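Two complexes, one shared chain (chain A), two partners (chain B, chain C).
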Partner chain A sequence: MALTMLAVSLLVFLALEVNGESVAVKVLGQFSTGDQRHLWLAQNGYFDPLPLRYGRWLWGFLQGRWGVSTYYHAEVRSLIAPRLAASAVLMAAALAVIVPLALALGVLAGIRQGSPVDRVVSVVAILTTSLPEFASAVFLSAIFVFGLGWAPGVSTLADGFSLRELALPVAVLALSSTGYIARITRASMVEAMASPYVRTARLKGAGPARIVLGHALRNALGAPVTVILLQIPWLLSGVIVVEVFFAYPGFGTLLYVASLNSDIYLIEACSMIGVIAVVSSQLLSDLINAALNPRLATERRAPPRRPVEALAP
Partner chain B sequence: MTRAGLFKRPAVAIGVVIVGAWVLVALLAPWIAPFDPLRSLAPLALPGAHAPGGGVLWLGGDLLGRDILSRLLFGARPVLLLSTTATLTAYLVGVSAGLWAGYVGGLLDMGLSFLANVILSFPVLVLYIVVILALGASPLNLVIAVTFASAPSVFRLVRTLTADVRQRDFVAAAVIQGESVPRILFVDILPNAAGPLVVDFCLRLGYTTIMVGVLGFLGLGLPPPAPDWGGMVNEGRALAFAFPHLVVFPCLAISSLVLGLSLLADGLNAAPQTRGGL
Partner chain C sequence: MQDGGPLHPGAVDLMGQVLRGDIGRRDFLRTAAWLGVSASSASAFLGLEGCASPPSVSGAKTLRFVCAVQQISDPATTAWIEASNLFRNSLEFLTEVDADNITHPYLAESWRPSDDLKTWRFELRRDVRWSNGEAFDVEDVAFNFKRWLNPASASVNRTSFSAVEAFETLGPYSFALHLRRPVCSLPEQLYAFTCPILNRRFEAQGADWPKHPIGTGPFTLTQFEVGRSARFRRRADYWGPPPKVEEIDYIDLGPDVATHVAALAAGQVDVLYRVTIAELDLVRRLPKVRLLRNQAAQTLVARMQVDKQPFDDIRIRRALLSAADNAAMLKFAYRGFGVVGENLHVAPFQPDYAPLEPAPRDVAKARRLLAEAGHPEGIDLTLTLGNTQGRWEQDTAQVLQQNCAEAGIRLRLNVIPPAEYWSVWNKTPFGLTYWSHRPLGVMLYDLAYRSGSVWNESRFADPEFDQALDAALAVLDPRMRQAKMARAEAILREQAVIVQPFWAEKFTAVSDRVIGHRAHPSDYFRMDRVGLA
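Moving on to the complex of A and B:
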């Protein structure tokens, strides 16, 4: 975990900082002279050996010295905090729609495999997961903004928080993620319904509600919980697209503006924060998984056998 | 299931038709497109408007007056070419590394798995942005970025499949026969892991198409004059609320292509394979 973060930071550093000349161009602008760049590079220690530079960069990052944004001319740290909060609101709202909806649809579809409900859910799920977020954003705004005029086309939250402005971005995110989670839930539910304990419950005379709610559901929810958490990196990518489309003042728009303007320190900080979000969601999913199924903790450690050894009597 | 049986599944059939249609469009673009995709005819013309020199702009004209239909038809070329090439190179890297790591195990496996973990810790889009920014936007760099971002997932899948297949008797037999390691990997193990890989390939091709589109949408895709679907949405975005036709048609194009690929993957997945994997 810590090792992964270290490697990630090295990767970000190598990708964006190794070429000092290009950093200088990005910070000082295209029209800076060679002498200016050279002076800036010397002042900021870019001629030191690479390991030293990396160490200093990492130390600075850990201490919260994330540099100054060249585009906004402001401390990166002070820029990111409010944007992160706005994105967290968007993501929480999206998850609040996605999770109940996906679980409900998946369970309904999985109760009876091949039923009309199952087919409709499966088809709709494939259809919606195939839409890129920017495409569903376009379709939804064509209908609800251009066609019906029900929702505002942009969600800048200029006049403070507004549910109306949040509706379309959340709908787009829900459209792209619900189908996938519903399909996983459905598969898991189908498996649970075919299991011996459900048969036993049925033979015992338990009613359908009791079978589903009391027996199948608890066992079927393990996989979806993991998937929901592992879906967060995808959701994060979706959030970036949706924020850009609706001009929502969040983390994604910040990264977008930074990448269009080669705002190098802002990009570095944004990518590190994105990775922290992903790694913590993975850790959380591991913990929840281990809590749900203690067998996993021991199984995973077993080393795979080598073929020739396996052959030995 | 026989090949004929596979095509009787409606999902596969629809998928094949959609994907096949786009491949045909890409191949025949210069002959079926009504106009030159770069020629300025009638700026912001509505769908069905007449072009000044004769002919009809069936899907309207874009900001610079270029025929949207022709741009869509020509746009199928870079989209298909880029996604396919990028997915193939990702597979080349992922499959080679995954077979090797899954078969040999040990330190090499640990090292490669760690590297895969590191790369997969990035939100996909952030990784693309970092790679594109470090390398610059060009078709080749798009392929490199996609390879870099997708190869780890392919690697993980192949590694798991290999570690499983490796324990079968025919692999042990090949080892005793003294077959070379590359032969064992590519001739004995790979074909037996092919089923899940084909499904994953179709799905991944879809993801890559989406990602190429998203990069275009963010203005980080192919450089401007090229008719790129994501780029067309990006260009028309500012006026989308007044002229939805600028963005709706490119979105329909990319959605239909991805839908075709997902249907194909879904149909292949449901079909019984020679050997069940994942």
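Moving on to the complex of A and C:
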């Protein structure tokens, strides 16, 4: 895991830092002179060998020296924390809607493959999943902001936390990812319902509730959990469209503004935060899967026992 | 009239002209204002009534204004009108040009040019105090002129006031400007957004205005967060009429105007900075929202750098002008809301516009010129643009691209983000630049086409043009100035420096609670006169 992060950090460094001249232009502005840039590059050690620069850059990042944003004229660190918190709020609200809804729909559809419920859920899921966020954001705000006047047009959270302002962004996010997770859940549920242990349970006379909740669901959750946790990094940095559309003061908007304005230190820090989010959510998903599936857990904890035959002389 | 002294001889002349009907009332008001006749005196001469008092406004309220909150350090070097709309609440100017392009006294109570327009005497108000309690006087004005005129100054003011030879302090509240050449539009230039009067200790305090937001204006900056918001609070000890709202909140909602309109529709904000042509139909349909319109000399200029290949060949430049279909660009990219441009960068509704012989589109001529220049098979060109004002810039460029294709010019569009465009706008060989409104054509020429001007993005340098411009600037009489402008306009078009397709109308939108807000052609808003019902 640490290796993944190291590799990605190297990529970020190579993409943004290798060309010192372009960094100097971004920091000092287009109107700086060649002399000023050269001086700045020398002062900041840009003429040292590449591995040394990378090591220094990574060490600085680990110590929290993330530089000063050229657009906001503020410490990058002080900018990122509130934005991450705002995105986390949006993410939590979105997950609170998406996860129960998607699991319930997926299970309902997956219990009896081919039933009318299954058909309806599948069609709706495909429809909503195929609708991109920028389109659903426009549709929803056309209906609820411009048409009915129920919802606020932007979600700046200027006066603190507001459920009303969160409603539309959450609805857009839910619309685009609930269907996907529901379909994944349905597929693993169908598989679980056809498995030998469910048949055994049914033969032993267990009720449908007990079969679904006690036997099938736990085994069917593996794939959906992985997918749900994959949504976390997406919700953190991939929701740029939704955040920008509703002027939500989150991490995605920050990354968007940073890229628009070539704000190099801010882009670097945001990318690294994104990497951390991806890797740690992967780790979390592995841990949850291990808890759901004891077989995976034992395989990891204890070394596999040698076959008994091998003990014979 | 305001200073009690005798009238400038030019003013007497003007009175005769307006009575005979030779010049319009607006021309009279405008020109009289330059000569130091106050707008109220001039209006009284015309028998115009003063402005009706606005409907009553409710008192303590916060006005919410959607506007980009950009970094400000030195207001004299700011490149963004949005940024100036923030500091315009706290910083004031010597003169004011209103939404009808008429100049009014502001920090300068009155002014008088000499008969040859080369010496201008200004009298300052005596009752103005800085927000830190200090008295405002000629020292502050002297400090600002010294900064602007400094040869090392990065401010565009250095160019716009290049005619100023010396600043002379005459007393604690009066000064004179001595000019190298006559300039009729000096008072109008003093309201350019880079000309706010800063406190004399601005540089001593670190030359970073938001850190020490001292001003003479009606509001004080109380909070400033780049990219988020800024807040201004009404000053109790302001010298002028008290502002109608207590607080103004500037909210940065990002670059997408559709998002701003959504916020206005939902009643989350009261005033939008601008609405583009794309949101026009939506805004018109919204209840409780008013669309504001105003004719403005704002335009897009596809300018070619005359010292860079291949544009150093005048035949290539002329081919582009011949191939461009300005009427089509207005019709398809701006839906006809505006006036067709004639590649002159002077608008027919500007008072110093001189009509020239029309130069109609001629695709065959464009092909011929290309062949003469050694490109019989056509030529590949790249136009850089940044959609700094919205998507219509790209739409315009796409129509131009099709126009050019007919003449064998293969135009590639290099679309870059808005902020990046402003870093390359005066460097790219062929760029599509937005130029905001100026009250007069001479002002645009002085900024954009005079040799060596800081904002001369085309690197156009023509002594003959400079002379013609100087001649136009020396004439007070609007009709006589037109004759001089005809020369300058003809040279610019002859040299084929720009394709200037159309003059775009200006739109903005406010909630119906807002009273007293007008679309200003330059987007120079005075928020102390705006109230909430």
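Points to keep in mind about this one:
Throughout what follows, the second predicted complex is superposed on the first by the 289 of 313 C-alpha atoms of A that agree within 3 Å, B and C clash if a C-alpha of one lies under 4 Å from a C-alpha of the other, contacts with A are read in each partner's own complex, and residues count from 1 in each chain.
Following the convention adopted for this analysis, a contact is a pair of C-beta atoms (placed from the backbone, for glycine too) under 8 Å apart; a residue touches a chain by one contact, two chains touch by 3 or more.
Computed from a predicted model, the values in this text were never measured in an experiment.
Clashing of chain B with chain C is the outcome of superposition onto chain A.
In the superposition on chain A, A:54 makes contact with neither chain B nor chain C. When the two structures are aligned on the shared chain, A:74 is found in touch with chain C, with no touch to chain B. In the superposed pair of complexes, A:262 makes contact with chain B and with chain C alike. Between chain B and chain C, more residues of chain A are touched by B.
Legend: residue contacts after superposition of the two complexes on their common chain; A:141 is shown touching both chain B and chain C. Judged by the touch definition given at the top, the superposed model places A:246 against chain C, while chain B stays out of reach. In the superposition on chain A, no contact is made by A:46 with either chain B or chain C.
Of the two partner chains, chain B is the only one that A:15 touches; chain C does not reach it.
By the touch criterion stated above, A:233 is placed in contact with chain B alone, chain C being left untouched. Clashing C-alpha atoms between chain B and chain C appear in just one of the listed stretches 93-101, 165-173, 237-245 or 255-263, and that stretch is 237-245.
In the three-chain superposition model, chain A touches both chain B and chain C at residues 141, 145-146, 153, 244-245, 256, 259-260, 262.
Taken together, the chain A residues at the contact with chain B in this complex read 3-5, 7-8, 11-12, 15-16, 126-127, 129-135, 138-139, 141-142, 145-146, 153, 233-234, 236-237, 240-241, 244-245, 255-256, 259-260, 262, 267, 270-271, 274-275, 277-279, 282, 303-308, 310-311.
Put simply, chain C touches chain A in their complex at residues 71, 154, 226-229, 251, 253-256, 259, 261-266, 268, 282, 286, 417-420, 423-424, 427. Put simply, chain A touches chain C in their complex at residues 29-31, 71-74, 141, 145-146, 149, 151-154, 156, 158, 244-247, 249, 253, 256-257, 259-262.
By the touch rule above, chain B contacts chain A in their complex via residues 11, 105, 114-115, 117-119, 121-127, 129-134, 163, 166-167, 171-172, 175-176, 206, 210, 213-214, 217-220, 230, 233, 237, 240-241, 244, 247-248, 251-252, 254-255, 258-259, 261-263, 266.
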